[in-house]
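The structures come next, written out as structure tokens.
One chain, chain A, appears in both complexes that follow, with chain B as partner in the first and chain C in the second.
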Partner chain A sequence: MYAYIARRIVFGLLTVIGVSIVIFVVMRVLPGDPLLAVLGPEGLQKLSDADRAKYMADLGLSDPLIVQYLRWMRDVASGTFGTSFFRSESVADMIVRRGPLTAEIALFSVVLSWIVGIPVALISVLRPNSFGDTIARFLSILFLAVPGFWVGMLIILAMLFWFGYRPPLTNIPFWEDPWSNLQIVLPPAIVLGLGQAAYIARMARSSLLEVIREDYVRTARAKGLSGRLVVGLHALPNAMLPVITLSGILMGFVLAGSVPVERAFATPGLGYAMFIAVNERDIFVVQNLVFLYASVFVVLNILIDLTTAWLDPRIRLQ
Partner chain B sequence: MSDATVQQVQDEAVVHHSLLRRMGGGLRTFVRRSPMSAFWGVIAALIIVMAIIAPVLAPYPPLKSDFRAMTKAPTERHWFGTDQIGRDTLSRVIYGSRASLTVAVSAVVLGTTLGAFWGLASGYFGGRFDLVSQRIMEFLQSFPDLILAMAIAMALGAGFGTVIVAIAITRIPFGGRVIRSVVLSLKERAFVEAARGLGASHTRMMLRHILPQCIAPYLVLATTHLGVAIIIEASLGFLGVGIPPPQPTWGNMLADSLNAGLIPPWWLVLFPGGAITLTVLAFNLLGDGIRDALDPRLRGTA
Partner chain C sequence: MPALLEVRGLTTRFRSSGGTVTAVDDVSFDVAQGETLAIVGESGSGKSVTALSILRLIPTPPGRIEAGQVLFEGQDLLTLDDAGIRAIRGSRIGMIFQEPMSSLNPALTIGLQVAEPIVEHRGATWRDALTRARGLLDRVRIPDAAQRLAAYPHQFSGGMRQRVMIAMAQACEPTLTIADEPTTALDVTVQAQILDLLKTRSEETGSALVLITHDLGVVARYASRVAVMYAGRIVEIAPARRLYRTPQHPYTRGLMQSVPRLDSDTAERLVPIEGQPPDLGRLPQGCAFAPRCRVVMPRCRTERPVLAQIADNHAAACFHHA
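Let's turn to the complex of A and B:
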């Protein structure tokens, strides 16, 4: 097990480094002037060559790429992540201030996806082709196709129309005012959670259908257990491994989806900060936030891998 | 007499005709076996037709402002209402299908094809090239797809081509991985060994013997990724890094609705989003049907 953990962590580190190189290439090496990104096309035309050189030097953009890359890695390692072009706030402060909201949204949405997805799959498997199964399958197909941010906009409109209600817009930590905090966090979490639940239900259903064909399930049936007990006690735990793995992959869906969904709800989280940074063309902030999102995604998937290896010895012995 | 023997006795001139008939027959089987997928296939086809003949269908030019009818709810003259500068929402939704479909199809074709050829080469040659390729694909897959597409679209500057490139890059690893695993299993098969024994070159082996076997998984992959591509395109538009206004896309129409006052008017939200959902639904279900028809082994997988 320790060898497996060590191997996964080394691979994870390699992946994070690789990810940072990909981001750096996207931000600096692809055609596209970094100053165009900052100043816009009109600003760039008015710029004299001397001003241009000065700007580039101030921002550290005229150094060799490898120096820029190493400097960025030093900022990341020291935990400051550099500062924004337009605000004095460092990216690290921004993450500390806004990150918890997005993390809460992600956490709640994952919990919700399991609470909704697993029972739906159980209904489908216990009563195949029943009315409930048909509805469940239809809804999961529908939710795979609906853009989350649009559902968010519809929810806002519906709440306003029928209840005249609008969630608070300020960033309130959970421990100061749990109720206001939940009002901000829950709507985006519900939208993202239902989107994931569709995938979870689909995967749990096909995984369960596979497991109930196994010999030990037939044995349990033969010794007289009811269908419900067989599925709940014997089949479900063994069908969960692929679902756990999928849940890790779906973290990408949550992290990516949080950006448009937070914009739809005007949630003051990291996703909204990313939206603003991309529109202001604040390349340092975007670079660091993209790196953060990808690193979180990598780390979560390592944790998931370790969990499945811990649950299933066959995986770690490979 | 089976289709294969029929085809054998046909001479060159009739081959084309028989191919058409074979396709017709295949279509009939498809409709009979999965009427649901066929139904959604028709919807998908209608959406494609709508995009092509948009100028004929749209009641108004998509960019024409009518200052006597600004932010008007749906009426007989404007079925889907008008936006804050009096443009007809129905016409804009119809024209929006053009951007959405062009971007999604080009991005998927570009990205999946690039990935497929990369996967073909890396699976076929193996060794160090394969190892490095695998790592690069892994790095690309470590990004949540929309996040990577956003960063690329921002770095390249908003525009039609850049959105296609941004989405295409996020599709490369999927094509690469699937085709590579197909190639790995094909490489061991007898017909490949036979070709090698006859002295075929690497290029000939890859293109003449292995590539044709990859077409079915490639088609399945491409159709299943169309829906994802449409949603990414809409999200980019919604986040302001997609195809820039005034050209209407479903994503930037939704973004625009947020500027139409404190509370976005419901018709500006409902119709573009509904168009996205219907299109993605149609392509997803058609893709499921194509997957079941081309590769029954994959039936029921996610």
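Let's turn to the complex of A and C:
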């Protein structure tokens, strides 16, 4: 087990380094002059070559790429992540200020996807091809097909018309005012959660249907256990392993989804910050946020792999 | 002695895209208290489906028990409600399956799985049930039973797992144990140990045994009576000795001749049964064995023989004895 953990961590580190190189290269290759965003089109035209060189040097953009990359890695390692072109705030400060909101949205959405997805799968499995199963399958395909931001818009409109929903537009931490915080966080979490729940339900359904045909489930029934115990104790734990793994992969869906969904809800989280930074071609911010997202994804998936390995006694006891 | 289990006209069908298959066709037999009945047949003869039908463990759909009665201690198991059949399963009828590798839950400890029926049926606390489980593992001769309670199935060999299955099936001291090819997946060297154990444990707990097998050697050694199945029907049923000495159905005779005997003086040639086991979806109109039978008569191809008494406790389904 320890060898397995060590191997996963080493591979995770290598992945993160690889990701950082890809992000760095992509950010340099993408079209768009960073000074255009700072000075505007007219400012850029009036800019003399000497001033231009000075600005570029100030931003550290005229150094050789390898130096720029190493400097970035140094900033990452030191925890400051460099600074925005426009804002005095360092990217690290921005992450600390806006990150909790996005993390909350991600966490709630994952919890919601399980709360909704697993019971839906259980309905399907306990009564296959019944009316409930048909409805469950229809809804899960519907939510698979519909993009999150569109569901988000529907939710905003519905809540606005029926409940006069007006979320606070400023960033309110949970511990200061839980109710206002939840008003900000829950709607985007619901949008992202329902999208994931559709995947979770489908995966849990097929995984459960597979496990229920296993010999050991028949053994459990031959022992005279109730249907609830047979499914709950003998089938569900074995069927959950692929679902947990899928949940980790869906973190990518949550992180990528946080950009349009936070934009749709005007949530002052990291996803919205990313949206603004891309618009402003604030490449330091974009580069760091993409790197952060990628790292979070890698770390979470390592944790999930270790969890599923631990849950399986065949691996745990090796 | 009154019969412990009376199976009457049991018929189980499976529906598939290719049509309906009658896996068990009008099967009737009795099991007396404490006796060992072997059900013998090739794969596909319906012997496992018969065993699963008794406890209503047929996957439904596609399977369905369409007719018959399974009277256990005078009660028809087929008409019981869900709670009723659950109170029988694992408590008064224990079941042992073919594949010890896949029949134990890989995520749960051996102790939990053996103790589970005791908690379920006897209302014991987990602590008491685990103590009893340790005793049960001792009695199926698993060394270090106390430590093994916390082990997982993957840490056991196939033979050990089948011992665990025996301990589990007989945890509540059932009056009937059904063993569905309990040694098919095991090494030959382990098979005899497991069957001896199964037999001893059944005698200790006073449990009757229905032993499903395709191995006539097993039958000779462990069963007091034998039912031979072919294409979903019982074609012959008799006390084991009688069946070996005077098999009546051509299929039974064929089976006997295709098994090597170590105790005969003359070097007899083995005689295989010609042809293939029948396709249950397309059975011939008459006797299902007719296409492979050496003594087939014209009548066999149009009419289906029924199981008829030919001597005390001996019945065969063949026109040669009608």
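Following the convention adopted for this analysis, the second predicted complex is superposed on the first by the 293 of 318 C-alpha atoms of A that agree within 3 Å, B and C clash if a C-alpha of one lies under 4 Å from a C-alpha of the other, contacts with A are read in each partner's own complex, and residues count from 1 in each chain.
Throughout what follows, a contact is a pair of C-beta atoms (placed from the backbone, for glycine too) under 8 Å apart; a residue touches a chain by one contact, two chains touch by 3 or more.
Bear in mind that the values here come from a model prediction, so they are computed numbers and not experimental data.
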Combined model on chain A where chain B meets chain C, clash or fit: fit
C-alpha centroid angle, chain C to chain B via chain A, nearest 10°: 80
Partner chain in contact with A:297 - chain B first, chain C second, else both or neither: first
A:314 touches, of chain B and chain C: first, second, both or neither? second
More chain A residues in contact - chain B or chain C: B
Partner chain(s) touched by A:238 [first = chain B, second = chain C, both, neither]: second
Touched partner set for A:23, first chain B, second chain C, both or neither: first
Contacts of A:99 with chain B and chain C, given as first, second, both or neither: neither
Which of chain B and chain C A:119 touches, first, second, both or neither: neither
Shortest CA-CA distance in Å separating chain B from chain C in the superposed model: 13
Contacting residues of chain C [partner chain A, same complex]: 55, 57, 59, 82, 86-91, 94-95, 97, 99, 102-108, 116-117, 120-121, 152, 154-155, 165, 168-169
Parts of chain A lying in touch with chain C, wherever the complex brings them together: 213-216, 218-227, 229, 233-234, 237-238, 311-314, 317
Residue ranges of chain A in contact with chain B within the complex: 14-15, 18-19, 21-23, 26-27, 30-32, 36-37, 141-142, 144-147, 149-150, 153-154, 157, 160-161, 199, 202-203, 206, 209, 246, 251-253, 255-257, 259-260, 263-264, 274-275, 278-279, 281, 283, 286-287, 290, 293-294, 297-298
For the chain B and chain A complex, residues of the former touching the latter: 135-136, 138-140, 142-148, 150-152, 154-157, 227, 231, 234-235, 238-241, 254, 257, 263-264, 266, 269-270, 273, 276-277, 280-281, 284-285, 300-302
